[in-house]
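Shared chain: subunit A. Partners: subunit B in the first complex, subunit C in the second.
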Partner chain A sequence: MISLIGFFALCFSTIFSFTLLIPVSIFKINIKYFILIFRLSTFLVCISFISLIFAYVSSDFTNFNVFQNSHSDKPLIYKITGAWGNHEGSILLWICMISLYGFFYSLISKSANEFKILVLKFQSALFIIFALFIILTSNPFLVNSVFVEEGLGLNPILQDPALAIHPPMLYLGYVGFSLVFSLAIASLFRNNLDQDWINEARTWSMISWGFLTAGIALGSYWAYYELGWGGWWFWDPVENISLMPWIAGLALVHSLLMIRGEQAIEKWIVFLAILCFSLSILGTFLVRSGILTSVHSFASDASRGLFILLIFFLTTGFGFLIFLIKTPSKKDDLHLLLINKTSALIINNILMMITVFTILLGTIYPIIIEVLTNKRISVGGPYFNSTVLPILLPGFLLMSIAPVLSWKTNQIKKFRIYVICFLILSLIVSLQSYFTSFNTWGFIGLILGSWIIIASIISIMIRHRFSFTIKYITSINSFIAHIGVGVMIIGVTFSSIYQKEYNFNIEVGDKVSLENEILKFNDMQIIEEKNYQSLKANISIKKKNGNIIYIKPGKNYYPVSKMITTEAGIYHDWFKDIYITLGSENNNIWFIRVLINPLVSFIWLGVIIMVFSSAIAVIKK
Partner chain B sequence: MKLQNFFKLLFFLLFFLLSLNSVAKESTEDRVKKLTLELRCMTCQNQSVSDSDSDFAKDISKIVEEKFKDGLSEKEIKIFLTDRYGEYILLKPYFNSKNLLLWLFPFVLVIASMFVFFKKIKKK
Partner chain C sequence: MKKIVLILPLILLTIICLFFLLFILLEKNPNEPPSALLYKDLPTFTSNNLYNKNINLGSNDLKEKYTLINFFASWCTPCRVEHHFFFEIKKENPDLFILGLAHKDDPNDSKKYLEEEGNPYSFVGLDQDGKIAFEFGVFGLPETFIVNSDGKIIFKHTGPLTKEIIKNEITKLF
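On to the complex of A and B.
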């Protein structure tokens, strides 16, 4: 019953959206009614999604999708999140968000009516395309043909709080770019020479980028503690795919913030807006089609892949076609100097684009080679580390001073202070690395990260008088964002380069020593939870200062899906994480792996600063 | 000091530092770690041999360690492994004609865009 309501709501929502596309020449619709119909459509698609959630919560196994992905034993929260823990539900969430973005746009936007209608039309067109995709290939409301009492259960590794909110966050990011896409295309159609749409695009791309950042970080944090591999970024194809629109979005946000009426940059912004959403769809295609092997390959089907590929070519093709036909050809020269603000912006954009295309090439190259030569190759982390990092390096360097560069000249105020501080910093870092083990990347990462932070702080101190107001925070927002990046670079450098690994084969009661700590394996416990059985090793670590901390790595056994997941035990500290995973057992001797990951907290701190700063930028206007 | 000179100096410094990497000496343990990070665990999903604790990964790590102790170079071990398991095992593919595009594309792009950019600036 509830599924039926959901399905009909979805269909009616699609039909209403169709009526919005009727050209004005045939039937002229009043703006009031136009927006009303749009909101009605949004309302209906939300009803549809809520009824899916309801079907999950009430464990309605007459719904095939619920039967396949849920189980009545699950805790309530995972019943709810189970609604988007599968392909069909997640795409329903996706279109729900497309519609919601349009809804909020219609609420907030102060643009001229014609422009508003045009934007909402494109948004509805995108909505219809994806709604058809759901109805034709991925319907979450299909009826289960056999009567069953119990479902098959949700993949255990998805039963996790961070992963529960990871997909909605990520989708808020991806889908937000659909609105920016609509705005850009609408601006081309209207030959919109006034700058209103730039302001709107700035707000919406900032919001999307903020959500995307948070979404990626949550996924990464989840991978860190749930996969038990000890790292947080694996250059997994799906991670790469989310990184591409993220970087393109970063370029977009920077261009939008820096534009001062230049036609050339406006053109570039339109291009980026189309690219961002195209990359989001491409990512969905690559994941859903199952072409790529990845930890995310829980939903793959060739026909769906083909359909998404079609959508991709349709929207991207349409977008870029309009871009080619409709862009204003008026040319104005950019004021380029080595180095002023405009040229810094351009260098930053070029580097980001090259990075995006490098990641794209690396991600799809194995497929190309397999098709052409029938040989399988892998392109993994080491490739990306040795290409992407050197490309980004000059960008990071530039970033440290970019906000204080001037538009007109290539001089910097009080340049001498920066040079002196840089020299002092280099000296300190050199000494530090001289007395510890020297590592080139470690040295560069540390100097770069701390230099970005210091340069930003100097700039704030020189240019702004401190006060406790929101206005003050918004005026130094760009520096805050860059400090976030600096903090993150330090975290990334330390946690990847100075990671220490210890492997032990120990029995209950054994003691072993780490560098500064003494580790003791106390006992093994078996805990019965609602829907799984948990095996936990109780390990205590005596720190140098005498404090004892307890870490409980373990394994969970999920009887419904007959799967075992590793649960890493992590002790968080500001300066290091102690990360323990429990391995296999042999004659009561357990294999445990202990990783000391220094400064991991800086990575998450950096991300939080960046997300905070994007929120400030949204408020700022 | 002018801004340009400052940046030139910086880039020179970075380049110098990066080239230092090639002369650094490492212990066998470090070399094993470094190489196994570049090998795919064939029985896992997108995991490197170093990160995995599967049987396959353990075997490969052992082989790599033995080969290093026998005095083989990194390159020779890679060739040995790709003969057995195919190039799929390398997370960082060989630089050969097949992978030319993969390796050259990013750097050609960087150089080309730098060229265009500086030409634009010179024109001013």
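On to the complex of A and C.
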């Protein structure tokens, strides 16, 4: 019954969206009714999604999707999140968001009516394409042909709080770019040359980028403690394809913030907007079609793959075609100097585009090679580390001073202070690396990260008088964002370069010493939880100052899906994480792996600062 | 010149999509990687018998006869699905040597599994540490290989066998 409601709500929502696309020449709808129909369609698709959630919550196994992905023993929270923990449900969430973005746009936008209608039309068109994809190939409301009493269960590694909100966050990011895409395409069709849409695009791309950042970070955090590999970024294809729209989105956000009426940059913004959404669909296509296998591939089906490929081709092709035909031809010159804001922006954008292209190449290269030569290769960390990092370096260097550059001249205010501070900093960092173990990348990372932070702080102090107001925070927002990046760079550098690994084979009661700590294996416990059995090692670590901390790495056994997951035990400290994974057992001797990851918390702190700053930028008008 | 720059994204898009299309149409399923071993010699291995650890079987023992090698485990649900087909294959080809290899499985569990499902294998070998599977490039269980009398691998299938596969691909090999 609930499946039926959900399915019909979805169908009617699609039909209503269709009526919005009727050309004005055939039937002219009043703007009031137009928006009403759009909102009705949004309402219906939300009903559809809610009924899917309801089917999950009530463990309605007459629904095939629920049967395949849920189990009545699951805790409520994972029943709810199970609704988007599978292919069909996640695409339903995706279109729900397309519609919701349009809905909020219709509420907030102050654009002229014609423009608003145009944007909502494009948004509806995107909605319809994806809705048809659901109805034709991935219907979450299929009814189970046989009667069953129990479901098959959700993949255990997905039963995790970070993962419960990771997909919605990521989708809010991906799908947000659909609205920016609609805005950009609509801007090519408008008759007058007013630039109101730039302001709207700025808000919406900022929102999307903030969500995307949070989504990627959550996924990364999850991988850090759930996969038990000790790292937080693996250059996994699925990570790469979420990174591409993120970087393109970063370029877009910067361009939108810096535009001062230049036609050339506006054109570039339209291009970036199309690119961002295309990369978002590309990501969805590659994951959903099962071309890239990873932890995300819960669906691989050739017909779905073809359908999404078609959507990707049509949407992106349409976008670029309109861009080709309708591109504004009026020329004006950019005010370029050796080093002013405009040139810095252009260098920044070029670097980001090269990065995106490099990642794209690394991601699809294995596919091209397999088609051509029938050989399977994989492109992993070494390629990306040695290509992407060098491209980013000049960008980071530029970033430290970019916000204080001038628009019209080559000069930087109080240039001398910056130079002096940079020299002092280099001296300190050089001494530091001379007395500890020297590592080129470690040196570069530390100097860049701390220079970005220090330069931003100097700029804030020179240019802004401190006060406790929101206005003050908004005025220094760009510096805050860059401080976040600096903090993250330091975290990334230290955690990847100065990571230490220890492997032990120990019995219960054994003590071993790490560099400053003494590790003791106290005992093994078996804990029964509602949906799994947990085997936990109780390990205590005595720190130098005498404090004792307990870390409990373990393994969970999920009887429903007969899977075992590794649960890393992590002790978080500001300056280092102690990360322990439990290996296999042999005659009561357990293999444990201990990683000392310095400054990992800085990565998450940096991300939080960036997301915070994007939220401030949205509020700022 | 300017137009070319604007057309470039479209061209790139088309090329990329073309490759994806080919990839899908050629059915390059990532779950079935091309086997480097097909039409190559059987890798060398030795395996202990599940029921008596003193009995070994090595790749040398498989010469001059057709052998079907099936990797299975008690924890592998799809293995149960295909299991009864081996009785049928055995019935139709009584001379065929069917080697079952219990992959990363507890011997007691494997024994229990074979009690429940029946034992169609001519020999059940242990591969507790997964080394033999590694030699064979096993990607996921179940996986089935057929070796001809020259010691060459002439068939490989990842995933459970089906009636169609047996009828269309396996039967004609003998």
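As a working rule, the second predicted complex is superposed on the first by the 619 of 621 C-alpha atoms of A that agree within 3 Å, B and C clash if a C-alpha of one lies under 4 Å from a C-alpha of the other, contacts with A are read in each partner's own complex, and residues count from 1 in each chain.
Note that a contact is a pair of C-beta atoms (placed from the backbone, for glycine too) under 8 Å apart; a residue touches a chain by one contact, two chains touch by 3 or more.
Every value quoted in this text rests on a predicted model; they were computed, and no experiment measured them.
Steric overlap between subunit B and subunit C is absent once the structures are superposed on subunit A; the two fit side by side. Once chain A of one complex is fitted onto chain A of the other, the partner contacts of A:F443 are limited to subunit B, with no touch recorded for subunit C. Applying the stated contact rule after C-alpha superposition, one finds that A:G583 touches subunit B and leaves subunit C untouched. When the two structures are aligned on the shared chain, A:N505 is found in touch with neither subunit B nor subunit C. After overlaying the two complexes on the shared chain, residue contacts for A:R376 are found with subunit B and with subunit C alike. Of the two partner chains placed around the shared chain by superposition, neither subunit B nor subunit C is touched by A:Q432.
In the superposed pair of complexes, A:L324 makes contact with subunit C only, with no contact to subunit B.
When the shared chain is aligned, subunit C comes close enough to touch A:G305, but subunit B does not.
Of the two partners subunit B and subunit C, more residues of subunit A are touched by B. When both complexes are overlaid on chain A, the residue A:T316 reaches subunit C alone and has no touch with subunit B. With subunit A as vertex, the superposed Cα centres of subunit B and subunit C define an angle of 60 degrees, given in steps of 10. Minimum C-alpha separation, subunit B to subunit C, in the superposed model: 7 Å.
With the contact threshold set out at the top, residues 293, 297, 375-376 of subunit A are in contact with subunit B in one structure and with subunit C in the other. For subunit B in complex with subunit A, the touching residues are 1, 3-4, 6-7, 10-11, 14, 17-18, 20-21, 24, 33, 37-38, 40, 45-48, 51-53, 86-93, 98-99, 101-103, 105-107, 109-110, 113, 117, 120-121, 124.
Here subunit C touches subunit A in the complex through residues 3, 6-7, 9-10, 13-14, 16-17, 19-24, 26-31, 33-34, 75, 77, going by the rule given at the top. Those residues of subunit A lying in contact with subunit B across their complex are 229-231, 234, 236-237, 293-295, 297, 336-339, 343, 346-347, 350-351, 354, 357-358, 361-362, 365, 369, 373, 375-383, 386-388, 390-391, 393-394, 397, 410-412, 415, 419, 438, 440-441, 443-444, 501, 581, 583-584, 591, 593. Listing the residues of subunit A that touch subunit C in their complex gives 271, 275, 278, 285, 289-293, 297, 300, 302, 305-306, 309, 312-313, 316-317, 320-321, 323-324, 327, 364, 367-368, 370-371, 374-376, 562.
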